[in-house]
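There are two complexes below, and they share subunit A, which is joined by subunit B in the first and by subunit C in the second.
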Partner chain A sequence: MTDSRIIESMKEKRNTGKFIRTWGTLMGFILLFVIFTIIRPDVFPSGRNIRNIIEQVATLAIVASGVTVVMVTGDFDLSVGAIASLVGIVCAMLMEAGINTPVSIFIALLLGTAAGFINGVLVAYGGLSAFVSTLATMTAFGGLSLLLSRGTTIFGLPENFRFLGQGSLGFIPFSVILMVIVLVVVYLMLEQTTYGRRLYAIGGNEEASFLSGINTKKVRLAAFCLSGFFAAVGGVVLTSRLYSAHPQAGSPFMLNAAAAVFLGMTAFRDGEANLWGTLLGVLIMGVMGNGLNILGINTYVQSILTGVIIIMAVLLSSLAKKKA
Partner chain B sequence: MRKIIVLSLIAVFLLPIAVTAAGSQEDKADVKTIAVVTPYMANATTAYVIEQFKADAEQKGWKVRVSDTAGDFGMVVSRIEDAVAQNVDAIVLGMGDPAQMTKGLITAREAGIPVFGLDAGLADGVVLNITSDNTDLGKQTAQLLVDAMGGKGEIVMYTHDPHPGVRARAVGAEEVFNSNPGIKIVNKFHIDVPGPVDNARKITEDIITADSSDKSLKGIWAGWDEPAYGATQALEAASRTDVKVVGIDGTDFAKAEIDKGGSFAGTIEQDFDQMAEKLADLIESYMAGEELTENWYQIPGKLYKK
Partner chain C sequence: MTSLEVLKINGLEKSYPGVKVLKGIDLCLGRGEVHGLVGENGAGKSTLIKIVAGVLGADSGRIFIDGNEVQIKSSKDAASAGLCFIHQELNLISYFNAMENIFLGHEYPKKIGPFVDWKDLRKKTVKILTQLDVDIPIDIPVAYLTAVERAMVAIARAFAVEGNIYFMDEPATALTDLEKNKLFKVIGTLKNQGKTIVYVSHNLDDVLNITDKITVMRDGMVVESRDSSGMDKDSLISAMIGRNLKSAFPEKAGKAGDVVFKAEHLSNKNVHDLCFEVKAGEILGIGGLVGAGRTELLESIFGMESLSDGEMMLNGEKFTPKSPSEAISKGVVLVPEERRKQGIVLSRSIYENISMMSLRQLSKAGFLAHRKLKEQVETAGSKVKLKTSDYTNHVGTLSGGNQQKVVFAKTVMNRPGLLMLDEPSKGVDVGARFEIYTIIRELAEQGAAVLLVSSDFNEMLGLADRIVFLKEGRQVFVKENDNMDQERYLNYCYGRDI
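After this line comes the complex of A and B, so read on.
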């Protein structure tokens, strides 16, 4: 083999590796979709079921968008589930106390942002690791939710509160419209603004960003505020969807949002948190849950399969990286 | 900035401790202390029965400390060990399977501290358990569902086997369904805790989509009220009022939903007031040195339907 052929073959391998790395997870998602469609062609690809899937993942996508912002900087937010639960409880309690719905929602969103602010201060200004500080605030916010609600379910909320999580404009559920708005706003912020570029710069190299004049503390603080805000939006929508508030209703968000962002890091951008990747991660989890339920697969087996899929995605991505 | 954060955190940390310590100064030395350990305080009924027990115990002049481990069974063992280290007079398990707490139960027994089950279960080291007759709760709600369905159709069951009470309910319900030839159990789903309402809602959305052409699904049996509530919401959103749902526990939100006359056909109330009161009395007798003849006490349930 001549030198030029060897170089050619190496280039080819690198290109294949890059292709798998960029598009592999999306291809996996499409494959998953095709498999479920083949097994249940009458149900799985139907318009109604697609609407189901998107509606089911809407709240997780909103929360995971905020987590993506934090993870772009290389930080982590474990408290989003606890913030969502706390916000739901407070919002329900305010409405129960007779405060009108929009004001209750506004206060609840402020509370979520304030919770994110506390995380941001601890991490950016207190110098604590994001993992440890958000683990601590997760516990504290969780305790506060239980304390406020006395561990009980709050129900009997105003009728006009139903719209956020259960209403629709035409045939599109309102929660899905909210999800799209959040995705567009976060995408524009990450990709089209100076702030977004600063987030990525900090994620790439915080020290170099600081030396180049970026106020890294402020940028990280704002990222946590955004994560808290979007967790709050998710919490309010979930409370409306369930038409009741539960002190641990948001808890599943914590692991699911992290799993979605990690899955998303294997797509489109090389190992970096990115919004479209996160959306893909959310959709993979939604399609898996929905498809396996439709097939009537045992729920314990579903958990095993979900874990296997995440490992496979990350493994394939790292193999493709080695190949390149 | 760090100093301000540290000082603020110290203040936040010390405030409740100071308040509690000030309160405990008033405690008399001979006051009996009961530690309640639970993995399920976020569950509405667990919270209610524990609050009732606390009220009954406090009326007897005892001091009650409640620890919740938020679904962490490993932590339940640690909390039992903590209670032993604090030399409490008795430990109450607020639901949860004592079979998973063996290490803690051994520690308590070695220290001579009695452990009582409040809607938990029996295991070596547990003096007694007081509970509803969970198998009967399952049977009664299953029969209610069969009747609401007119005696025929397909059923799915929402279960949570790690909870011994819910597991016993499912066994009782299944017995009733199997004895009705017109009823077919097509699937059983494990419901996640925390998040049972949303989890049940999503599963219901999926299964009614799968069932949309034949509409053969006619009933959903849930092991407790929260998943039944989630299922009802999904059915209501899809206008599948032909599918009937039953839950167990008689929670306020379930009763409110049943009163509307939709898919939620009924629940069964456990007499938590009596359960809590009876346990407090039994503990009092035990601590007074009386010999208890039984180790399993059952309180009957009462159906609630439209």
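After this line comes the complex of A and C, so read on.
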């Protein structure tokens, strides 16, 4: 081979690597979809089932959007599940106490934001690692939920609370509309505002950001507030969908949201949390859960497969990176 | 050739993403020869040594020892080829004692099976230190040793096993004259035993004194390699920078404007009682040795460290910044020392990096004003002669010089009143360095007051109009730079008035 041909082939290899890195996860998702379609062409790809999948993932997508904001700065939020549960409990108790529905929801969202604020203060101003502080608040919020609800499920919510999680505008479930709104808002915030630029700058190099005049503490604090807020939105919608509040209803959010963001980091951009990636991660998990359900495979196996898929996605993308 | 060739390097090349640091190095070392290796920061000396040491891999090129080609893929390969190293960074483990640091990575002497023979280890350590003629406590963690003692421990490591060729990368920077002479004596002994020494240093007097042959590197290439007897300091410097020193720097400014910044008895935990002022259009150097408090002074002005006493005036008003963001909003900016760590976000685009300091001005109600941003970023980029085809590229793909220009472009976006530069040409290749000097002078001429910290004497003497000398955090002199030479500069740094 001549030199120029060697260079050409190296370039090609690099491009292949880059292609896999950028689009590999998306191709994996499509593959997953095709496989389920081939196995159950009658049920899986039907409009009804797809609507089902999206409705199922809507709350997760909302929570994961908030986690994405935090993870863009390189931090981490383990407490979103516990916040969602707590918010659901408090919201239900307020309504049970006769406070009208919109006010209850408003207070619940405020509470979620405040919980995020606590995380943010601990991490940004207290200097604790995000892992430790959100692990601690997760435990504390979880305990608080159990204490407030006495460990039982709260039923008997007002009729007008059903709409959020169960109502629909025409064919489209309201929770899906809410999800789309959240996605658009968070996307615009991350990509089009100065705040988004600051988040990504801090994630890339915190010290350089600080020396460039970015108030890194404030920006990180705000990110945790947003994460808490979106966890609360997810918690309220979930409570409405279940039409009851359980002190551990939100728990699966913690790992699933993190898993979605990590899966998303392998897509579209090089190892950076990004919103479309997160959405893709959420969809992968939704499609897999739904597909395996249709095939009648039990949920324990689903968990195992979720773990395997995350490892494979991250491994493949880092292999592709090494090759380049 | 009088001496036998022990090591030959042929066409060694090495690239990092975006920058080629070695462009085909040929080097020949003779037996019993002390070989000086000089060149400016970023010329590629340390990279070359790291490749020979097996710490870095080369992209291409061949290495021969005693005429046989060798593959050096790890430090183990290098050691078995008889190569010993004193690296520029000390790389000591601070909670290990001197004995263990010296033998780190080599076989410890063993008793039976895997058990270390501590007695023998001690004996061997004492032998090495006696050979170096130094007395260092060997039982306490090296963290408790003085800087000089630690440097001697690092040197002693090269003698843990017998070698044929000793590479010493700036071994004497942290040493006093006393230890330095001891080191030179050891070098002399090694030479008489027929060993080869490669001595890398910025101290050209030392290099001219102790070496037989000198190789000059510039910008990843060998530009000269011959007997030291025929060389002097001026010819070395010219070879290193590739041009006459006088013409390397832009003309000094004729006139200075109003006072922009004034320090009155400025004190905090690092600096004490500093009084100086800098005018628009003027470049004020902050002179001094490492540890004199120069960076700390810049950081105080940048709002990173609060004052314990005294005050600062900016444009005639009291200036009390509490954070970098406050300093920046008043037109005080800093080009920090560690570019990759403090100056840029490698994973983001050039656009994003340059606009980082001015996001507020480049947005409307929190949303980015894309057209304005693009326009101003590109103007700033061309002002600093940034070479790039695409501003959406990640900064990580640029060469060191272009990365530094991105930092400059970022800091000058808003026409700062006071521009502070901490080692502005560190890790920048020679060509880009002179462009940066021109940029600095241009910014001063456009009305900025400039504070310059640099450990590069030539840079300091070539750029500064006046110099404030610090020693251990205190101001010792303020001197006009009227063709000051290196010797005078150093004397002032040491606090000697001449």
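We take it that the second predicted complex is superposed on the first by the 324 of 324 C-alpha atoms of A that agree within 3 Å, B and C clash if a C-alpha of one lies under 4 Å from a C-alpha of the other, contacts with A are read in each partner's own complex, and residues count from 1 in each chain.
Everything that follows uses one rule, which is that a residue touches a chain if its C-beta (ideal position, glycine included) is under 8 Å from a C-beta of that chain, and two chains touch if they have at least 3 such contacts.
For clarity, every value in this text was computed on a predicted model and none was experimentally measured.
Room for both subunit B and subunit C is found when the two structures are superposed via subunit A, with no clash between them. In the superposition on chain A, contact is made by A:Glu272 with subunit C only, not with subunit B.
Look at A:Asn215: by the touch rule set out above, it reaches subunit C but stays clear of subunit B.
Once the two complexes are laid over each other on the shared chain, residue contacts for A:Phe106 go to neither subunit B nor subunit C.
When both complexes are overlaid on chain A, the residue A:Asn49 reaches subunit B alone and has no touch with subunit C. Within the superposed three-chain model, A:Tyr187 lies out of touch with both subunit B and subunit C [touch as defined at top].
Touching more residues of subunit A than its counterpart among subunit B and subunit C is B.
By the touch criterion defined above, A:Trp23 lies against neither subunit B nor subunit C after alignment on the C-alpha atoms of chain A.
Rounded to the nearest 10, the superposed model shows the Cα centres of subunit B and subunit C diverging by 130 degrees about the centre of subunit A.
The superposed arrangement places subunit B and subunit C with a least CA-CA distance of 15 Å. Touching subunit C in their complex are the following residues of subunit A: 188, 192-195, 197-198, 200-201, 204-205, 207-215, 270, 272.
Partner subunit A is touched in their complex by these residues of subunit B: 1-2, 5-6, 41-44, 46-48, 51, 68, 70, 186-187, 189-190, 192, 194-195, 197-199, 201-203, 205-207, 209-210, 212-213, 226, 229-230, 233, 237, 251-253, 256.
Within the complex formed with subunit A, the residues of subunit C that make contact are 302, 323-325, 327-329, 334, 336, 341-348, 352, 355-357, 359-360, 362-363, 366-368, 410.
For subunit A in complex with subunit B, the touching residues are 40, 42-43, 46, 48-49, 52, 55-56, 121-122, 125-127, 142, 146, 150-153, 155-156, 166, 238, 241-244, 246-252, 289-290, 293-294, 296, 298-300.
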